[in-house]
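In what follows, a structure is listed as structure tokens, so that the remarks can point back to it.
Read from first to last, the chains carry the letters A, B and C; within each, the first residue is number 1.
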């Protein structure tokens, strides 16, 4: 009776197939797949032709050849006769080093800034605001160059080094610090320290059990502090300070001995930390303000005191909001550390993706390695983040 | 308390006003005014007082020397560095003013610089209707904004009657604007497509979009720029000579599209299921329903994130110096090797920082303004 | 699929000319969960049907199958001669003819009331804008809120929003209206204004399927009341018989629960 029903069988087969939901989805996907595949195929074909034309191949054997360039700061043994592979490892370690140090410092600075932004004091609040806005709105590369310039220009040559208590010397060639030489007894102190950590972990759950069953409350924080810091410290002095410090000395134009931290590392470290701290500060502030005022009020209405309100009610909820964007800031530090190349700090990009690439002309191989390395860092951090989010969700129920 | 008691108390107080007509009194004088403000915001507790003292001390240590260096002890004119030093101990801004043209246009041929100026004027014309919804003839303005990137591309590179200018001549703030605005103009649509693809229920498209986005977000921009400058040409047909700036533009656009896609996906996820159902029930097909119902709402929710991505992209344009393009930072660093001006890196960096600060701070303020406006608009 | 549509059409032509919705042995699952079990329902042109039942009984799911917001996996649904299957053209045809009003209104918050009403006529029916706006104003007048036409949904009360939602559906000139608990999200004082509009609509001869717990509405308007529980149609009857003389124990229990408070 209705027109639509009668007209249906007359529609041709193409229209019928196209208008079937499942068939349409299959058709679109086949087209998409074909297009992507064709693009890849085309690009790889081009690459094969181009490489053939200039007589290159894809070969990772160059990694075992000597790198024949120097690296200023290495944590493992490296000379210019070491292989490109070793240079790459040095680069990875340097990237991770700056990432770890950067994460540590930016977290401290960031949380401080976040708290200052919430301060009732108008002046501190505004100072933190100005700092955050300035830092966030200027490119990180500029911060790195500026701070690097300041360090190199403001610090003296080694012969006029800034002397810190005859032990450390700040120069524009680097910071020369005493390096520790551990004696046997020191490992005993370290052992005590580890025992202290284990004890605190156990004590925390024990104290909770006691509190749950009897209501009695132990000052867990202070006892843990004593176990982790206090006892090893006392042991250290009783055992007669079993660390020898090797103090750097001026020989010729530069300092020898001790530990040297390159100005590039310092500049990159400070710049990345200050830059990221501004973002972390905003994240912390947003996280704490997002915990509704009602939560604090409810908690004070029970007569729970201020610090316990913070530690039991506000911080656990704020952390839940803060952690995900915080991890992505940590990831940003790791990725931004690649800007090290601008001031000559030898990280992944500067070693394998920079000098090694230029010396061997192996663009494909080097860039593939660099991309894969960064991808695996990112995947590791996001895997951790997903694990953490899942854990937090579980405790919610 | 019983009734008798209450009335007795009332009687003893004797109100000097008729009950029910209490006048509005001013608050006690110690709770308003400057002094009260200072007491409340700077001196409310011992900790607060300490904070105030520390802040003032910090300002005292930092502000006067910086201001002196930047303004009072600075030299504004001079032939070279030594001329500056002869006049003052502070900053040598003469350097910046002498090189100002270079900072603005790079090495763009002098006789063609009107084309850059014209593009900039057209840029302002194109941006105003996007920013302010009360602009007269906004509809035409928006259409113009859509074709603007192509007009500007033609004006700047030449061809079709204009003398061609090779992109190697691009530099300075002009280069920053070219990279930044191309990235912004093309990464938003691309990001929208990627976000829709990621939410799609067609598995192949979804997998492709997810892997693309995760790859882009997993690597630093600098490595992508290296890919653009070193190995991209291998993947192109033999003999193609692909402009370096164009390669950089493509990489920057793809890079921020990956981040844009995640921001917009957040917006898409925030839209209630009922909106999709209602538009389905009305018989709207996929694209009309996305265009008319879903995206307007999703984009509105994601404005702060979108602007943040823009700011990030804009700041990231500085990275092009690492592969040898001369943005203001690159121009500045190149100029420092001139023996006349050697050692003035702080001036260069601060000047470029000021430029970025103004642009980026402006963008973030605008995003705040828009957020507030949209929040009040469609609600009571 | 077109084969079965043909059978449906023939049957309609031969015996019951005026059946607009025909649901035949329809089943639906959410994963392992069997939500709708063997649903059989014929709706005559102009008929008013009220569907009730405890929450989770599948009543909403059933009426959402009629415009394919939900897909059924087995059986047959024919709406106005068009069978619902994976065929997107058919779904389009059905959705043009079937209006729907939701529990949470689902108005588009970024569009004004008027734009909400003209959107589907303009983009689906390809009506010229002016004509669509004129028609929208007519329907807004019928639901008694022409003065709110240029406001945004967020500026209206719940009752007003639901009336806009009704006007929005009517603008497509549907032959069938589906109501999915239209008053459940409203404050008590606003329920009446929405029900009044629905009663008026019913008197105009449109086919209505309404999931609701408003038993007063069912008594005044419905030609048939359907009681569902556990994904099955337990009982269907005229309102008079349904309320005065329920056949099934579960119906009696349900009625006693909702009427005695």
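We take it that a contact is a pair of C-beta atoms (placed from the backbone, for glycine too) under 8 Å apart; a residue touches a chain by one contact, two chains touch by 3 or more.
Everything quoted here is computed from the prediction, not taken from an experiment.
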Chain whose average C-alpha position is farthest from chain A's own: C
Identifier of the chain whose CA centre is least distant from the whole-structure CA centre: B
Geometric centre distance via CA averages, chain C-chain B, whole Å: 48
Separation of mean Cα positions, chain C and chain A [Å, integer]: 55
Inter-centroid spacing, chain B versus chain A (mean Cα positions, whole Å): 24
Multi-partner residues of chain A (at least 2 other chains): none
Chain A residues within the chain C interface of the complex: 1-2, 4-6, 8-9, 11, 15-16, 19-24
Chain B residues touching chain A - in the complex, by the definition given at the top: 41-42, 44, 48, 51-52, 54-56, 58-59, 201-205, 208, 214-215, 217-223, 226-227, 230-231, 233-238, 311, 315-319, 321-322, 329, 333, 343, 345-346, 349-350, 352-353, 356-357, 360-361, 364
Chain B residues touching chain C - in the complex, by the definition given at the top: 272, 274-275, 277-285, 288, 292-293, 296-297, 300, 377-380
Complex interface listing, chain C residues touching chain B: 67, 69, 92, 95-96, 98-100, 102, 104-110, 119-120, 123-124, 152-155, 168, 172
List of chain C residues in touch with chain A within their complex: 2, 5-6, 8-9, 12-13, 17, 80-82, 86-90, 93
